[in-house]
Structure formats: structure tokens, C-alpha cells
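As written, the chain order gives the labels A, B, C and D, with residue 1 at the start of each chain.
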Amino acid sequence: MKKIRVTIWNEFRHETKNESIAAIYPEGIHGAIAKGIAAEDLEIRCATLDEPEHGLTDDVIANTDVLIWWGHCAHGEVRDDIVAKVHKRVLEGMGLIVLHSGHFSKIFKAVTGCSCSLKWREEGERERLWNIAPAHPITRGIGEYFEIPHEEMYGERFDIPKDSEILFISHFEGGNVFRSGVTLERGYGKVFYFQPGHETYPIYYQKEILQIIGNAIRWAAPVFFREMTAPNTPAIDEIKSVYEGPKAGIVQNVDGSNK
Amino acid sequence: MKKIRVTIWNEFRHETKNESIAAIYPEGIHGAIAKGIAAEDLEIRCATLDEPEHGLTDDVIANTDVLIWWGHCAHGEVRDDIVAKVHKRVLEGMGLIVLHSGHFSKIFKAVTGCSCSLKWREEGERERLWNIAPAHPITRGIGEYFEIPHEEMYGERFDIPKDSEILFISHFEGGNVFRSGVTLERGYGKVFYFQPGHETYPIYYQKEILQIIGNAIRWAAPVFFREMTAPNTPAIDEIKSVYEGPKAGIVQNVDGSNK
Amino acid sequence: MKKIRVTIWNEFRHETKNESIAAIYPEGIHGAIAKGIAAEDLEIRCATLDEPEHGLTDDVIANTDVLIWWGHCAHGEVRDDIVAKVHKRVLEGMGLIVLHSGHFSKIFKAVTGCSCSLKWREEGERERLWNIAPAHPITRGIGEYFEIPHEEMYGERFDIPKDSEILFISHFEGGNVFRSGVTLERGYGKVFYFQPGHETYPIYYQKEILQIIGNAIRWAAPVFFREMTAPNTPAIDEIKSVYEGPKAGIVQNVDGSNK
Amino acid sequence: MKKIRVTIWNEFRHETKNESIAAIYPEGIHGAIAKGIAAEDLEIRCATLDEPEHGLTDDVIANTDVLIWWGHCAHGEVRDDIVAKVHKRVLEGMGLIVLHSGHFSKIFKAVTGCSCSLKWREEGERERLWNIAPAHPITRGIGEYFEIPHEEMYGERFDIPKDSEILFISHFEGGNVFRSGVTLERGYGKVFYFQPGHETYPIYYQKEILQIIGNAIRWAAPVFFREMTAPNTPAIDEIKSVYEGPKAGIVQNVDGSNK
């Protein structure tokens, strides 16, 4: 059996700078997720912001089937060139799972083309997630709804594109609602955004959360990797209406430069 | 009557460097479009790549309701910070009409989140555009189909998001098909991509093309401009399940930096 | 100015059979809505189930731009042939606004192709409707959210198609969430489903509800009416690969019968 | 291994009444498809219009995972009550593959809610199908495009809903284009419409056609079957704003009748 190669990327700052957060996630959020989703069909590695190239070398990116992304306070420190590489690889087929505060990550803004803005409040309130898509592979094993006892509130209006297929709609105790699980496709890659997961709550130990992330990995695993190209293509049928006017003689590369 | 403030942005390189193209568009592609769409309800200005800030100063952006974008051989020269400003303004409500080779512009790739790659061929072949959405405001006055006698071929697979609503599907004489007119919404802004328009053909003088661009301007005119914010929001309902654990005390700005 | 011709269709059974409901809607739900949305640009008439042909004669249907539909306990009594005529007219361009328990009407099930099933509870609980689409014409004048003090609960999972564009997401006091305002397009017609409106609560007197229904009428007003045809169409381009095999010689009508 | 239970439904009239068509499909269109898609993981049976209950007894419907539908000249003879049972089963999870002239079948019109009208022409012209969704399971093994040497033309505008995900766009030699392969979801069921297949051409022997139908069966196989219900649901959270006004005391069944 060919394993799905998963890379869990974590900003990994809160856990190293704040003792009470470190107490919840002693091995980092990435460590908790890696342990929680461990399975025979997954080959899991982790990468963090402060490693060289954020741990996302060309080799790591080329050998990742599904990338999980957790970031919060240091989105601005992620290098643009590395985000561009990750984005390119998503378009070529790599799955991408963006968690919680990753809604404001450069990579999620890049794949959505939106501001990804939302309302928020940090009061440790109860969240109830309603499963809107019971037949979707990502919700397998999840009932009509489940609850998170204490969570940061994320509320509408969430600025995401219309092709976001909604899997979960949440209600927060303080009165807000949120599209808390949505999928997208970009290029040949599949993207899942999943809202749960603040660093101050032990959310990544909760059974349903780990089940959903695990399901999402299998769903997002690529069918193939294929480079996006813009080929100059010969005609299939005969062209009769040949133009006699000027030819610009300028052709273009994918990056918009001219040959 | 409040006029719609239109800015036509043109790379304006082909027309200044290639005599035969200059012969077709002596006043530039922007000049041809401006003349062709002129109407009482429109206040039209132009901007080009080689002006300071590409002609897209903060003041120009702030006073544009609908931005038309034509670029081809110099996408890479457009400054990232100006693209970011234009993108932000689209999310806040500004309409955006991207023409032809603008599919590879930084701004179109930014709003779609896709590679926007496609097949192409420059043989001056006939294109037939089928009107798939006769009740859409952008196709007003256009029949079941119309033809462009000589056009650069753009062919599928066109890498765009699934929420692209298709208005036109084209066939090219050499055997390719293309989704040649599609709309998107991003934030509060409306986006229209329209494929016709190579610089070596007199396409921007054709009646149907001008009609469609004109229709698109009225369709894309903003309902309002509203900044995208991510407010810390007080609870509406009482929160009972208050969390006793750690608080991270870190809040985030729209750009991902921490306060 | 050409007025929009609105027909408000009401089952009109609860109000005639239940005194306490009659006390809330002495002129019927249709009467309350008609009064509440009255405006210079609207020409409003009403029709009810127990009139001949349910008040929806060919003439009424042919002269209606937007049809509002309220039904609850007698969906099964609505004649199939009249539903088919209404459905056909929607496809030709007529707007359709389906209210509350109309989710189970034959016409809404016909245009969605879904079961339109949902959860429900009649406890007079508070509903809060979040405005997810502030730039949409139907939400004009509505803020971030508004509340209905007492409403029947409708809860997810609501079985509707994926092209339902979500305008409102609601939370109900008892813990459920619901996509409470969604739009669809079918043929050349626009459809709006709006959940508020149980017969035992004075909901159709509430300012926001009337504002939204009024906005929806202007949004759903047809661009044109056009019959749906399936024409045998001559070729535009020359066909070279003419088939030498059998011809069935059977052509089809829109109803599937053969000519 | 649990096999996918496939039922191929064929109108089976052309093949019995027209000798030249019988020569192409001596075992019926259903027979040709059954032979062409035969595989170890499929359990295939056939059903035809003139059998009792059109071969679609309650038992057959209950034991079908994916239903393939071919009809043309006798759509009107298919019983409404049987269409309703098939539709209900699709919503509960059964896959549905509608072929060619089945676009005008009662079941396809029921699941789309549209007229499904289109242009047509029977000249045996070449069709070229472009694969727009290379990463979709239904297009597995299919290259950028393939051709059918002789086919009935189906042309735009095809009246289908906006949530039709496009897998193929076709061009016909005579100058028309068509969305020739589209998917939908309705309830828990998956639907695939595939345009190729006129009775006068040997299309259901072509390798690519059989590959695509086979792929579609695996894609449309149900995750589960689940009845669509509209339950009266107790509150999860406490309701404080209890209404003191009238109660209608009327509850509704899924069919709209009152209890």
C-alpha cells in the first residue's frame, strides 16, 4: 500500500513562549495532531516556522501529498517565495488542510483570493458544529452535530469564495454562527478549511476533531501531480480564415514574462 | 445621476513598440475601448504601466468604481504592492474586468487563486462565442452567438475556480473550446473575465465586444465600498461555559501580525 | 414606469379555521403581506387555494412577474397540472418567492429537485438571522443580523441543492442552525426561499421581513419571458463526416413524445 | 468485496421497431452497455419500459446502487409514480447516470428542476469532447479530448442548474458547443448526465464511452442509504423566550399532508 505523505506545518511560537499553552501542547500543536491522526496508511512528518526555509524545502514540498497548516501570530513572517511554492504545489495536486487561525495565513488568502476576514472573541465558549454534509467523506463517522466545550468564537461574515462547499455550520454560545468546515478545489488540488483549534484549548485531543482531520487527509490526497502549463498548441482542425494582418510575435510564459 | 467611474488600465507596450500593432490601435487599446464604450453614465479615465505607480495612485484607486485590465507581455513588471492595493479594493467593492491575456495578470491570479493556465495559438482563426446565459445583464443585446473573424485561440483546460459562472463558451476554428466569459465574486466586488482581445486584431472595435464590456461595467459597479475588518466582537448572548484555563492574550490583525 | 406584477398565493386555511390565527392575520397572511409590501412600483394581487384553479388561471400566471407562495397544511391539495404551469413559467422567467412552510410545497420541491426536508419544533423561540451576503440586493437595508422574537424552529440538515446561494444563516434559541434565506436560478427565472413566517406568530408585520420580501421582488423581477424550446437546428459550419448508417427518423418534443 | 449493484434501464423501443437500429444494437442498448462495462466489482441487471412496472419494482429499486437511464421516444409513457420512487431513492443515496436523450426523461427533469432543453440536429457529425476536469474520478483514463466519429448534435443553451459541475465540453462539426458531461448532487445521491449515445450510431461500443460510464458508476455508488425525514426535534438548549400566543397545533408530513 502506498502511504499518504502528510506534512504538518506549525508556526510553533505560542507553545514555546507561553507556559500555560506549553502545558496544553507540550509537543506542540503539530505533535498533538501527529499523534492523534497516526495510522498505518499515513507517513507523517512535521515542519515549523523557525526551521530553515520554515521546514518546507523543495524536497519536502515535492514529497508531500497533504499539507496541514496551523499559524496564528506570525503569518507575516512566512516567506512569500515559500508560500508561492506551496501554492504552486496545491495547484499541481497537493492537498491542503488549513486549521483555525490559518484562515489569515498567506496560503489560505492566496488560494481563496479573499480577505478571509471574520469576527472573533476569546471567551472559551461552547461551540456546536452541525454536520451539513453527512454523505461527504470528510464527515464520515460524525453524527448530526458535535460540541467543543471551550473554543474561541469565529463568526460571520466569513469572507470566502462562493465555491466553498459547506460541511459544517457552527453556533457559538455567545450568539454567533460560522461556516466552520468548507472545501475548495484549486487547480488539481483539494483544500479543506476547518475552524476548530485555538492554542489555549485542548481541541486537538478531541476525538471528533482528529477524526475529521484524518478523514480530510484521505479526501485531499492527490489523484496525480501535474504541472500547470500554458502550451502553444497546434490546430487540430484546418484553419481557413487565416489572418493577413500583423503578427505580434510575442509569446508568453506562465509567469507573464515574454519569450 | 451619479456616474460610474471607470479606469481602463493598459500595459501599453505593444502599441508603442510594434508599428503594425500601433496601426491597429493608434491611441492604444485603452484609447479604443474608452472611445468605444463612451456613454453619459460613465466617467472614463485611463492608466498605463509606465506612468508613475502605473497610473494607479491611491487616489485613482479610491475613485474608481470599475477597473478594466489589459496586460500581456509585462505582467511581471507590475508592482506587487500596487496589485495588493487593487486586490484590496476589489474585496471592498470595486468591480474588475479582466480582458484577454490579462488571464495571466497578477491581479487575476490573485482573485482566482488559480494558475489561470490555458492553451493558446496565434493563427488568426475564427472564434464563435455561444451565449450560455441569455438572462444575465452582461449578455444583454447579444443573441445566441456571435463571431470574431480573427482571434488568438485560447483553449481548455482553463484553470479557474468552480464558482466561475459561465456566460460564454467559445469554439475556435482550429478545434478548441474555451469558457470565454466568466464572472466571479470576491469580497464585495464583482469580477468579469472576458477572453476576446488580442493586440494584433481589431477586436476592440467590434460592436458586440464593446456592448459586452459596457454591460459588464454596469453589472460590476459597486453596491457600496466597505473595508474588510476582523473585529473582536462582544457576545450577544450570555456565555455560561466560561473557560478557566490559560488565555493566550494574543490578538491578530487582518495582515496576520499580532497586536 | 412599468410596474412589477406581484401575485401573492396563500393556502388560506389556518386563518379561516383557527380563531387565534385569524386574530393574528384577520385579512389572511396574503393580506398582511400585500399591505406590508405595498409600493408605487408594485401591482399586487392575491390568489388562494380554494378559488377556482387555486386563483392561478392561465391569465393570472401569464400576467405575473413575481409569485409569492405560502402553504402549509394542504400542499397535497394543490393540483399537479397547476404546479406544472407555474414551474414552466418560472423557467420562462417568472420570479418565485417561497416562504416558510412552502419549503414542502410541490413547486419548491419541483424547482429544487430535492426533498427539502428539515428539522422543526414549535416552541416560539427566538431566531437570529445573520446576513451573510451584505452586498446582495435582497439584503439591502438589513444590518449584520436581526432577530425574530418568536418563531417556529427550522433546523439543518436542510436538503437543498448546492447552487443555493446563502443570504442568511439563522440560529434558534433551542440550539439549531438553518440556512434561512437562499437564492436559486432555474431556467430564466429567479427563486428565493425565505424561512420566516409561521402562521401562529405575527412575523409578516415585522419591518425587516417585509423589507426583505420587497427587496426579493425587485431582484426576482424577470429580465424577459422566453419559452424553453428544443429546436431542430441547421448546421452553421459544413459537415464533412456525414454518416452513411441508419437514421432513426424520430424527433422529439419538449414533453418527450415523438413527432 | 461488496459488489456495486447496477441497473441499466432502457426504453428499448427503437431496437425492437427499427431494423437498422436493431442491427446496431441486437441485444438492445442496455445489452451493449451491460457487456461493455462488465467487471468483477459490478453486479449488473437490466430493466425496460414494457416490463411490468417498467422493470423497476420496489424490490429492484431497493437493491440498486446505481441506476443508468436511457430513454428517447417514450418519456411520456413512464409512469409518474415510478419516477417518484426512483427520485426518492436518488435522494436517499442511489446513484443516477442519465444518458443522451434521457435529458428529457421525467427523472432528469425532476432532479434538475429545469426544462433541460437544448438544440439538436441529426446529421451524423463528428463530436470532440474536451476533458475539463482531469482530476475527477469520472475522467480517469481519458486524455485531453477524444472524438466520436458520428453523433447527433446536442447544442447550447442547455437548460440545467448552476451547480452542474462540468466535466466535458463538446464541439460538433456543424458549429455547436455543449456541456456534454455534468455532475449534480441531490439529497445523498450523485447524478451524472452524459450526452453521447444516439440509437442510430454504435456509440456504446466505443472504448472511451464505456470507460467513462464505468468510472461514473464507481463515483456514483452510494456512501449510504438514508431516508429523508422531517422530524419534530426537541430543543438542545433551554428556551427562555416561550411564546404565549396561539399554537396552530398542526404538524406536517414530508408529503405536505397534515397529521
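As a convention for this text, a contact is a pair of C-beta atoms (placed from the backbone, for glycine too) under 8 Å apart; a residue touches a chain by one contact, two chains touch by 3 or more.
Keep in mind that this is a model prediction, so the values were computed, not measured.
Q: Please give the intersection of the contact partners of chain C with those of chain D.
A: A chain counts here if it touches both chain C and chain D, which gives A, B.
Q: At the interface of chain B with chain C, does the proportion of residue numbers present on both copies reach over half, so same, or stay under half, so different?
A: same
Q: Measuring centre to centre with C-alpha atoms, which chain is farthest from chain B?
A: D
Q: Quick one: chain B and chain D, Cα centre-to-centre, how many Å?
A: 37
Q: So the centre of each chain is just the mean of its C-alpha atoms; given that, what is the distance between chain A and chain D in Å?
A: Here the centre of chain D sits 33 Å away from the centre of chain A.
Q: Round to the nearest whole Å and give the separation of the Cα centres of chain A and chain B.
A: 26
Q: Quick one: which residues in chain A touch 2 or more of the other chains?
A: Only 128, 134, 155, 162, 175-176, 236 qualify.
Q: Under the stated contact criterion, what part of chain D meets chain B in this complex?
A: Within the complex, chain D contacts chain B at residues 128, 130-132, 134, 144, 155-157, 162, 165-166, 169-171, 175-177, 179.
Q: Report the residues of chain D in contact with chain C in the complex, numbered from low to high.
A: Residue positions touching the partner: 14, 18, 20-21, 23-24, 71-76, 87-88, 91, 101, 104-106, 110-115, 117-126, 149-150, 153, 155, 159, 161-163, 173-176, 184-187, 198-201, 228-248, 250-252, 254-258.
Q: Mind pulling up the chain D residues that touch chain A in the complex?
A: 93, 128, 134-135, 137, 140, 188, 222-224, 226, 236
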